[in-house]
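Before anything else, here is the set of structures, which you'll find just below.
Next, two complexes with chain A in common: one pairs it with chain B, the other with chain C.
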Partner chain A sequence: MLQLIADGLVVGSVISLGAVGLTLTYSILRFANFGQGEFLTWGAYLAVSALSLTLAVTGAGVMAPIEPFSFGWQLPVAMVASAALTAALALALDWALFARLRRTGSAITLVIASFGAALALRNLLQFLYGTLPEYYTREIQIAIRLVPRDTLGGLRVTPDQMLVLGVTAAAVIGLHLLLTRTTLGRAMRATAQNPALARVAGVDVEGVVRATWVIGAGLAAVAGVMAGLVGQIRPGLGFELLLPLFAAAILGGIGSVWGAVAGGLIVGLAESFSVPLFGAEYRLATAFLVLIAILLLRPRGLFGEKA
Partner chain B sequence: MTAALEFCAVEGGYEPGLPILRGASLAVQQGEIVALLGPNGAGKSTLVKAAAGLVPIWSGSVMLGGRDITRVPAHRMVREGLGFVPQTENVFANLSVLENLQLAAALVPKERRGSIDAMFHLFPDLARQRSLPAGRLSGGQRQMVAVARALVASPSVLMLDEPSAGLSPLLVGVVFERLKAVRETGVTILLVEQNVKAALAIADRAAVLVEGRERLVGAASDLADDGRLAGLYLGAGVH
Partner chain C sequence: MDALSLLSYLAFFSVFAGIFAIMALGLNLQWGFTGLFNVGVAGFVAIGAYTSALLTGPEDAARFGGFGLPILVGWLGAMVLAGIAAFIVGVAALRLREDYLAITTFGIAVTIQLVALNATAVTGGPFGIQSIPKPLAGWLGTGLAWNLGYLALVLAMLGAVWWGLERLVASPWGRVLRAIREDEAAAASLGKRASAFRLQSFVMGCMVMGLGGALYAHFVGYIAPEDFLPILTFQIWAMLIVGGSGNNAGAVLGAVLVWAIWTVSGGALREMLPVAEQARGAALQVVLIGALIAVILVVRPRGLLGERATVSRHAAKVSPPPS
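Entry: the complex of A and B
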């Protein structure tokens, strides 16, 4: 029982991070970005490249782990570089594609374009990195027993898994503070609510759009690195998480940061509990059943506001 | 004397080939309250939205204190010194009253930034509601938040699009009294209004816009008794 909760929270943390980016871009850019999953994959792979580069530059060869984790200081550096590069990729995509379509197209045009961009990004990634799985580290971690086996089945987690939870909490709290305590955050919330009024009030809406891409893609990259830290890095990593990301964002109430976090954790827990109950192949189906059940009771999602 | 705000033969509209403004000209002098009147569809709201950068201007110009602002993007107007309060959805409902003002203040250079405390002094009702989301305020209080949001950026000219819309007569009086107090601080006001009586009561001058052009301009006190004003509302020309 406790183990299922812990596993669900770890998976849910990765989903939450990606879903927060998705809900931000949806509320400010006003379209569902199917490319969000690919930002997650690119983030994971760009961190692989940044890690290799850091190891080569420092002549370290292999990472000396920072106990009790499985990785050395090079991985956090690579994650920051990856977040910056993924944000740059998102900005380039916006400049080349979405900005033009925002001026001339409808929301559905943007959605379809994002679907096309996602396909292009995934194939480009496979071309550059191949299809074999990658790992940040091959260090084997011993899970720490936190709760004895005779208490609700016991609980064992690795330090890396606990780090995933910690990084997610820190990222979400940081984002919350940005949105509520800074001018950029208030401008983002104002733009999400009423772009025309935001312009009249002096908000550079195009600047806010760029900031949203940077934050959304940056969070996706962090989610990708966290997913890679506790699992394999594969070209399909983000695509496989795309439906859970959307489920989390909708479940929480599209546009709500805390809703996306709650939605991600619920989807993660639903997936985790479905494995012993129905089998691993029904993980996603179970998550969507939970989504449907909650939306039937609360159509706006958990934290969604009345239109 | 340079006008605080001047429209010079402005033509424009939302869709190419469908002009709403057909050569509108109007000068608002420093420190004045000018009421912009006219029947529905005359182009009053479009004219102020065009000045605010929200509606394309095809020809003509808009001058603010002698500077041409015709092509200035909407988000730069606040920095230029032009404030605008739209008719509807004029506050950020999910932001608190304080956040509405903080955002507006932060978007202008420090030397232009007004005091939020001064806004709460001008609108005491808002001081008590500062932590509430603006969307939970009454219609009159929202109008005051919208006006305070515009004023905290220290505009030289403030344009308001039908601030009395949807308000009870009592609240209209309160809002308009506040506008008179705003004028006392040196802000020039251009007021688009359907409530002719209330607008003429606080305005120095008024202009009547019909089919995208000004048809009648004069002292508010004169226009209040001018039969031509009613004629223009009823579709008659000015002779």
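Entry: the complex of A and C
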């Protein structure tokens, strides 16, 4: 019982991180970006490359882990580099594709383009890195027993898993402060509510669009690295998370950062609890059931603003 | 290559092109004429393929069915079941924002893929369903004659679907669809219930895709979950966008063209790359087609043919003569 909750929260926080980026791009750029999942995958793989580059440059060979975690200082460095590169990838994609379509096409054309771009990105990654799973570290972590086995089934968590929860909390609080306390954040919220009015009021809408891509893709890269830290890094990593990301963003209400976090945790918990009920092989379908339920019962989401 | 094997290859190629054209026509009804974005094409195709395979296949002790029913019953069942699935998805998603349909159809395709892979008792799991009966095989054998016979069958179905859709689109019903696509508020103010028309169009489009899936299953004779990956959805979309959405001739032209590009580029990559690199070559092929979609969307958003402008035949009489 406790173990299921803990596993659900770890998966859920990865979903939350990705869904926060998705809900931001959804509300500000006004289209459902099917490429968000690929940003997670690219983030995870770019960190693999950045990590091996850092290790080669410093001549360390193997990471010396920082106790109690399974990785050394090189991984956070690689994660920052990967977030910057993923943001650059998103900006390049916007320049080459989405910006042109925003000028001419409708919102749904952007969705098609993002669908095509996502398939191209996923296969390009598979072409570059191959299909074998990768890991940041081969270090084996001993899970810490927090609750003995006789209380509600007990609870064992690795330090890495707790770190994932911590990083998610820190990133979301940081984003919340950015959106509420800074000029950029106010400009972003204004653009989300009414782009034309924001432009008239002197908001640099193009700048807001760029900032949105950087934040959304950067968070996706962090989510990808976190997913890779507690699991395998595979080309399908982001694609398998895409449906949970959308379910979380819609469950929380499009545009709501805290809604996306809550939605992510709920989807993560639902996935975790579905395993003893339906078996692990149907885990991915849970997000679909959550999605259908929310669309039928409360389509604006839990925290969505009234249209 | 001698003439006979060339003919055999052409028949094979054309059967696939015809099946893809049927699927693209279904998508054209949804996207081209109604503006509905369906990302779950592969899912509805899979429903059609599995339904028909289960209904018509020989009995198998290892799993549920087959029932050995006539092939026509299988094809009808494929359309009905794909329609029911579309109805469920449509009721949940169609009354909301247009991109929610995209997300929901994506979800159902993922879910159907999982069911196909894991519900071994019904779908045969990763090994799929074998020995799906081939219509007319008792009469034509299984060689070139059968391929040509099946090609005729596929072309007949394509013609029937084409004729039906052209009639529908030209009817008052089709005019309402285009009115809703262009300006929902204006259509609603004339008393047209947009959600009902959308749902009808969505269900019908998915039924056509289900038929396409059934035709595929009976041609290949063997289906497995990996035949219905998102790449199939992507191919059908590429066909419609390249050919020109909103134009049935465009959908068929796009199906033939993209399928030709796909087979030629696939063959070329297989020739050029060593065996160990084949998987990476297949990935590169998808990247190229993805880039093709993006370029067409940016450079020629109406596709090769594009939609015909529809003007009332009375308009010329009413408008004042040019002075």
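Throughout what follows, the second predicted complex is superposed on the first by the 298 of 307 C-alpha atoms of A that agree within 3 Å, B and C clash if a C-alpha of one lies under 4 Å from a C-alpha of the other, contacts with A are read in each partner's own complex, and residues count from 1 in each chain.
As a working rule, a contact is a pair of C-beta atoms (placed from the backbone, for glycine too) under 8 Å apart; a residue touches a chain by one contact, two chains touch by 3 or more.
Being a predicted model, the structure only gives us computed values, none of them experimental.
K.L.:
Of the partners chain B and chain C, which touch A:G174 in the superposed model: first, second, both, neither?
P.N.:
neither
K.L.:
In the overlay, answer first, second, both or neither for which of chain B and chain C A:V205 touches.
P.N.:
First partner only, chain B.
K.L.:
Answer with first, second, both or neither: which of chain B and chain C does A:P276 touch in the superposed model?
P.N.:
neither
K.L.:
Using the superposition described at the top, determine whether chain B or chain C touches more residues of chain A.
P.N.:
C
K.L.:
In the overlaid three-chain picture, which partner chain does A:P148 touch, first (chain B) or second (chain C), both, or neither?
P.N.:
A:P148 contacts neither chain B nor chain C.
K.L.:
Should A:G166 be classified as contacting the first partner (chain B), the second (chain C), both, or neither?
P.N.:
So A:G166 meets neither chain B nor chain C here.
K.L.:
Taking the superposition as given, does A:P133 touch the first partner, chain B, the second, chain C, both, or neither?
P.N.:
So A:P133 meets neither chain B nor chain C here.
K.L.:
In the overlaid three-chain picture, which partner chain does A:N194 touch, first (chain B) or second (chain C), both, or neither?
P.N.:
first
K.L.:
What part of chain A is shared between its chain B contacts and its chain C contacts?
P.N.:
Correct list for chain A: none, the interfaces share no residue.
K.L.:
Help me check something: in the complex, which residues belonging to chain C touch chain A?
P.N.:
The touching residues are 35, 37, 39, 92-93, 96, 98-100, 102-104, 106-108, 110-111, 114-115, 117-118, 230-231, 234, 237-238, 241, 279-280, 283-287, 290-291, 293-294, 297-298, 301.
K.L.:
Across the complex, what residues on chain A touch chain C?
P.N.:
That would be residues 31-32, 34, 96-97, 100-101, 104-105, 107-109, 111-113, 115-117, 119-120, 123-124, 126-127, 130-131, 242-243, 246-247, 250, 279, 281-282, 284-285, 287-288, 291-292, 295-296, 299 of chain A.
K.L.:
Taking the touch rule as given, give the residues of chain A at its contact with chain B in the complex, in rising order.
P.N.:
183, 186-187, 189-190, 193-194, 196-205, 305
K.L.:
Taking the touch rule as given, give the residues of chain B at its contact with chain A in the complex, in rising order.
P.N.:
Its residues touching chain A are 52-54, 73-79, 84, 86, 89-95, 99, 102-104, 106-108, 149, 153.
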